[in-house]
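Each chain carries a letter (A, B, C, D, E, F, G and H) given by its place in the written order, and its residues are counted from 1.
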Amino acid sequence: MSSPTLPPGLAIQKADERIMTLNVGPQHPGSGHMRIIVQIDGDYIVACDPDPGYVHRGEEKMAEYRNYVLNIPHLERPVIHDSCNILYPYVLGAEELLGLEVPERAKYIRVIASELNRCVYTQYWLAIYGIFLGHSTMFMWPAGDRELLIDLLEKMTGARVTHSYFVPGGIRNDLPANFEDVCLRQVNYFEKRIKEYADVFYENPILISRTEKTGILSREKAIGLGTTGSVLRASGVDYDVRKKEPYDVYDELDFETNVMKSGDSYARSRIPWLDMMESCRIIRDALQKMPKSGSVRVKLKPNPKGALGSVYKRVESGRGALGCYIISDKKPEPYRVKLSVPSFRNLIALPQLLIGEKLGNMPSVYWSLNYWPVEADR
Amino acid sequence: MLKDLITPQNANVFVGKLGDILEKAIDKPLGYAINWGRIWSLWPVHIETACCSVEFGAASSPRYDVERFGIIEAFGSLRQCDLVVVQGTITRKMAPRLRLVYDQMPEPKYVIAMGACAITGGLYFDSYNVLPGIDGILPVDVYVPGCPPRPETLIQGCMLLQEKIKRMKARKFV
Amino acid sequence: MSVIAPNFKLSEFIKSILDNLFWILLIMALIGFPAIQLVLFFIEMPVINGELLTPFLALTWLIDPSRSLPIIKAFMTTDLFRVAAFPGFGFAALIAAGTIFVERKMLAKLQLRVGPFYCGKIEGILQLMGDGLKLISKEIIIPAKADKPLFWAAPVLFVATAAAFVALIPVAPGWVVADVDVGLLAVFAVIGFFPIITILSAWSANSKFPFIGGIRALYQMVSFEIPLILSLLGVVILTGTLNLSEIAASQSSFPWIIFLPIGAIVFFITMLAELERIPFDLPEAESEIVAGWLTEFSGMMYGLVQLGTYLKLYAFAGLFVVLFLGGWSGPMIWPPFPEEIITEGIELGPVTAQFPGLPVFSQEMLNGTVWFVLKTVGVIFFILLPRGVFPRIRVDMLLDLGWKKLIGLAFVNIFIALGLLYAGILGPGGIF
Amino acid sequence: MSFKKIRSKKCAYLFIQKLGFKAKLVGELAGNYSTVVLMFGFAVAAMAPALVISRMLSPRKRSNPVKFLPMECGQVPTGEGRTHFMMQYYAYILMFVVFDVVAIFLYAWGSTILYLPKDATLPIIGFLAIVFGAMAFALHQSGRRDIW
Amino acid sequence: MANELTEFVLVSVALLGIGIYGLSVKRNAIRMLFAIEIVINAANLNMVAFGRFLPHSGGQTLALFSIAIAAAEVAVGLSLIIVAYRMYHNIDIADFRSLKG
Amino acid sequence: MSSESEKETVEKKTEDAKLTADKVSEKPTPAKKPAPTKEEPELPAFEKGIADKIVEKFGEKTTITYVKPDRVGIKVGRDDVHEVAEFTRDVLNYDHVDSVSGVDYPADKEIEVVYHLSSYTDPTLSRQILEVATRAPREDDPIPGNDATRLPSLRDIFYSVEFHEREVFEMLGVYFEGHPDNRRLLLPEDWADLPPLRKDFRNKGR
Amino acid sequence: MGTATGIIKALNSGIKHIALKRFTLRYPEEKLKFVGDGYQFDPTTGVGIAGLKGRHMLFHDHCTGCQLCSIACEGVAEAIGMVKVPEEWKQNKKSIMPQIDYGKCVFCGLCVDACPFYALYMTNDYELSSFSKEGLIYTPAQLQVKPTVAQDSEIQISARGATHG
Amino acid sequence: MADAAFLALSVITIGSAIAALELRSLVYGSIALMGTLGGIAGFFLLLDSPFVAMFQLAVYVGSIAVLILFTVMLVKRELIFKKIEDKRRKFVGIALMLVMMVALGAVILDSGIKQITTDEPAVDFREIGEDFLTYYWPALILMGLILSGAVTGALVLARRVDEENGQRVN
């Protein structure tokens, strides 16, 4: 992990004179909820310092005051549009600590909900990626098609984004009547729609030439930096928690992981799109294999107490492996909850990727890291 | 007799009266027109403060499309904007920046507090890093509750704001 | 808690307008008409219909509509009318306004949404007015360390330069503000002013993002000026004139785009770049440099820059039409005026008033204008379309495109034109 | 000379209705251009009031000095706005200055080509060849990053 | 008034004078470039004026030629100034004298 | 150290938990697909092997906290953590750190920092998480960066801990020696209170 | 040439979309339908499942004033406060009932889950924006009001794209 | 009309020429220089040579002025607003200027130039191109060489020599 070097021809004579410091954010269309301090020499970025923490709300501290159930609304707030997935490891861990056993049907419904949520997240990410590339249609189409799945989730859980759907011991309420048909119809249409993105986004020569060969993260670097999710898989490492360490019923479902070798922004932006198609496949498969009836939730005692010990659970969220480390000390409240979030893990790659890039590549490289600032800040 | 009437004082009074009448006459239609323009062209500033920005984005997506109300999202610079939608939690790190953004915007400007966090702190009422609502730092015009508010609720909030602008005085003085 | 004043009623609004009308009429009667008379007495008047326009005559003409037509016609031949209204500023601003509306609606349709809808009841056609009124009543912020004269002047100069560009575009045979015999060169000269205004305004704002944006704009406009100039040389070679009206007239049988498609494509791309439209909107790339050189402009200043941009868009589209699509030429679709209108004029029902010599514009001119507007709108559509389809490109790619690919293509175009000329297909003694 | 000859010979080339109007008096031709200036002036005269009216109508609050700082993404700005700053593409501007001349120069040739014998194209071909050489070199140079 | 050659020549003489004043007084390299431009323009004006009054195309032709050369000169001149500025961080001609050694 | 007794209880409890967990994971897969989860009985042996390797190398310096399916926990003294990390990277093939969590134990007057290691390159380790815990002394009146709460930084071994360690530094006041960039990350620039994740820092009203 | 075909393809796709139907839900005129196909909402009583993100509805005759909802909410957002209701309502012995501050409520539905007497439900009435913070506090009397359900749009998929109808 | 235009142009040209040299800020100086160049273009128009006039506008104002502005913005902010001139030489310069103007003016007014007036039609701009391609073609080639040499030389000059130890400190 040698320190990044400047590109040839960029040695600077008098640093104070030619370098301009730009604050990108927090009020900036290309920063999200964070600030990136970049220093540019002409058109080239020579130094970059991400400054997250604008949405740091102390979730982990607050989780120490609430019992296992009341924590649920809190812990899904970091990624409200991927709320099923961010709750997933916590719920799995809490189930292990509380010694609960989830009914079969609930497991399938959880998988469906989390895959739907993954698509919803990815579509939103794609939409913002469009804004960052100056492509307003690329914002509108995914943001619109995303609503199809949000509609499904709304039918399942009653809420558009913050579902609070997973609880220790299962899910909160059963699927509505006639859900399978509606789900199949809308997911099929959704899949058809996202395939249409190819012409305008992914095979658009301008987009390709803008993102290809920019911000290249080599395989070794990707591993060494501990990146995860699409960033990792774009660099040629085939690692998906759903495959490697299947939780719930993922080992019974039929899907592939997508890997690309090049490790540039283009690969990083294309992998989530391919993943969405796999998600559609998983949803259809799960709808088929799901037991048609049965209980979906084990009844919890009020204020359940966790067993003494600790668990570390992880799942594959829309951004990558999401771990949850819970320490319990036999009280109704967990002693410590730590979310190991993929955004925070991917953020470390940002300075590495940006230095030496052109200023025009900054938004695309930054957002191709599949970064959601609120999650990183917790 | 007529000569007595035409004095400088009387002329002054006459001109003053004329001015008053003119101002009154101009004030209302002009104010109405200006307010009408302001109603239909609310450009929100691009500041995301927390997770409510997801639903703010959804509100400008094709399904809800706030551009129907003349609200365009894609404005980069705060100098051209007139609406701050505080999209959620204001942390102690963000608060001074938010205030600065508000200060740097041109008059007239409006504030919508979106989400429980922006109104009272919401879920984070006991967090160490979150402000209990933004009333302390910005004058809020409309509160939009929810966590996050549905886009419909946000649109309803915008309509309330339009209603409010309609009833505001357009200018202090000509 | 905010206090809300009672609602403002539409009836009061109407009443206040009536009030105003009353006052305006009163002031007109008391001050306006005497003033006009005075002016008419002291100013040299034109001769219309063989009569010297004396004040009394003018008054009678004001009363009798049929006699006022000559005045209008005489006014329409003046430079002021051309500059302010028809082929000049008013016409261009109207098309620019239409463009903004169409752009928003079309983009919305492409993105499967509605676009402006509620402002102005019918599909949001008054949206632009709303924006304009808002902008004009918005505070203008001048940054503290800005260079004030330049900062104030930049938006106005921008509009003015765009207007000067508009002045060179012929709309119909004989209807052009400035019929200049080196019109094409004049166009290049005017285009050359935009980078200067941009960089000056960017420099004057004394802020980082405008400065970067201004420099980007400069690079962009400057680099694409050369392919722009070269891509039009083909047309000049084939017509042998630099006068835009003559170039347009030379295409009465077929437009040059048939023979010089490469030149047209190159010109179109450079046009997009000069207009700073997506995919070449780097100077305003909001995700990189906030709003580029417009970052510090607030209120009406921003509005003026937008107006200038769209005037420029109209002018470029018009130039494309004139150079490659045959300008105003097209089959006659305007219905001919009935004989009696031309000779006798119209009789208006109960109040018997005759308007002899009514068709203020000739049939050819109206037809030409219709064709010109139709073609321009078509070109504008194609200028607007990429905004929905392409992302923004990067500075180095842009410069590469301009300097390597487009200049090469422009020379290919020149050699095609030369080949056509020397092979005897076009030109003196050619087949066509 | 040849140009006059062709003009008198009645050009068979029908596209051109008339050849350029020639001024008898000094400054006669300038009248055509005055309308461009008039248009420029009209736009200034019409748009400057817009700014003035806007200044009159708009509410103004200047109590806050922060408002007049340069805008920098919600951050109190640091450093100089107009820094000594340059992008790496200075070479393109240098090239522009030279090739702009060349490009407009070609119009002197392009607009006369109809009236000239064919062998008059040779000098311009030579000229272009030289300029192409220079341009190739310049483009090669401008690809370098260290020019600014 | 404008129908006479003399006026144009006089204007050009005035410009020439101003240019020479600038060249002799200013030490700012960029200002000196301005002065040079003014002198060149005075010359161009003369050329075109004579070309118009003794109707001959040579005047305009030479003026075009001169403008083109001026563009080349400015490009080289500014490059020189930039090189010098990069070395000395100043644009004072007096500082550049040490260029010679 | 008083934590030993606690550790034993933890071990017992986790064994119980493991049993229940086994039961849970056996139930839903009766006969559908035997393939992927077939080696489940052997797995603890594999994890045991990892644990044994560490114990073999370091002996007394490390203690095994627990061995569960796919999870191994070890505990190291603060002086040896660097060495152990190097060993896990070079010999055991763990190549990155998933998460770094700081846990405050006011009763023990210690702060624990837990590294969760996992591996992308070694396919046999893809299910594994190795938990390396180490403890630093805790001070009641912390002056972050300038007191005894210090640990060696693992950044030169696992680059991926860079931001995590910055976070732990500001959240618990553990100074990492050898970390090049011990700056504040998430909290406001003017934060002057206790590090917030310490147990004696109370949220308002709680 | 790949570039050219790519550009043409993109333009083509863009133009094709101009012909598609608009997806927009024209909100103030149309509202999303929560009734029927798959939605978990009971139009007759006006109540939905606990996750539904609308305001609450309180059945006065069921509420016993047991404060369980308030206790549940304490861990979430402290949105519920118990207030005295007029004695003459005679709904429950302590004559206290929940009052919800929607400036704080996050619509998690945990209070609904917590209520043992099925007195508290969530509805689909989401139009809660207000000019003032006080306007966001809903007293038991306001909570009793049954929301009107005049909503009829849902996503429909046809050959010319998805629409609301 | 033409007289008024001539007067206005003279004032603009000479005034802005003085301003270009004397204004404190280099940026405003460049703007004033643009005024001079534009004024000269106006004279060209008055002299019925629109091609040259437009050439002047496009080349001088459109590109040379841009290059100058750009270079001005490249130098340090203090230098833009600093007056660098010789105090001692100032009066000498002014005297030189006046002497030259008076002398040349006297010569001109004295010479036969005053008699030259014309009624001939102006030269058409197409004749310029014709000239270049026929009579002046060696000059055209020469110009090509000069321009090529200029761009090559300018680019070679503008290249920055990297310093080896110039790594930035951060």
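Descriptive notes on the structure:
Keep in mind that, in the parts below, a contact is a pair of C-beta atoms (placed from the backbone, for glycine too) under 8 Å apart; a residue touches a chain by one contact, two chains touch by 3 or more.
In this text, all values refer to a predicted model and were calculated from it rather than measured experimentally.
Looking at chain E and chain H, the chains that touch each of them are D.
The interface with the greater count of contacting C-beta pairs, when C-G is set against C-D, is C-D.
Using CA-based centroids throughout, the chain positioned farthest away from chain C is F. Separation between the centroids of chain B and chain H, computed from CA atoms only, is 51 Å. Each chain gets one centre point, the mean of its Cα atoms, and the points for chain F and chain G are 42 Å apart.
Between the CA-based centres of chain B and chain E the separation comes to 55 Å, rounded to the whole angstrom.
Annotation: 60 Å between the Cα-based centres of chain D and chain G. Among all residues of chain D, those that touch two or more other chains are 19-20, 25-27, 29, 33, 57-61, 67, 69, 71-75, 79, 82-87, 89, 93-101, 104-105, 107-108, 110-113, 115, 121, 135, 142, 144, 146, 148.
Counting partners per residue, chain E has 2-3, 52-53, 64, 67-68, 71-72, 74-75, 78-79 as the residues that reach two or more other chains.
Shared contact sites, meaning residues of chain B that touch two or more other chains, fall at 34, 46-47, 61-63, 65, 68, 74, 76-79, 91, 93, 97, 101, 104, 106-108, 123, 125-129, 141, 147, 150, 164, 171. Residues 26-29, 32-33, 53-58, 61-62, 65, 73-74, 77-81, 124, 127-128, 131, 136, 139-141, 143-144, 146-147, 150, 160-162, 374 of chain A touch chain B in their complex.
Here chain D touches chain A in the complex through residues 72-75, 78-79, 83-89, 144-146, 148, going by the rule given at the top. By the touch criterion given at the top, residues 1-11, 13-22, 24-28, 30-31, 33-35, 37-38, 41, 44-45, 48-49, 51-61, 63-65, 67-76, 78-83, 85-86, 89-93 of chain E touch chain H in their complex.
Against chain G, the residues of chain A that register as touching in their complex are 65-67, 69-70, 72-74, 137, 144, 147-148, 151, 155, 157-160, 162-165, 172-173, 176-179, 182, 185-186, 189, 196, 199-200, 203-206, 208. Taken together, the chain D residues at the contact with chain B in this complex read 56-61, 64, 66-67, 69, 71, 74-76.
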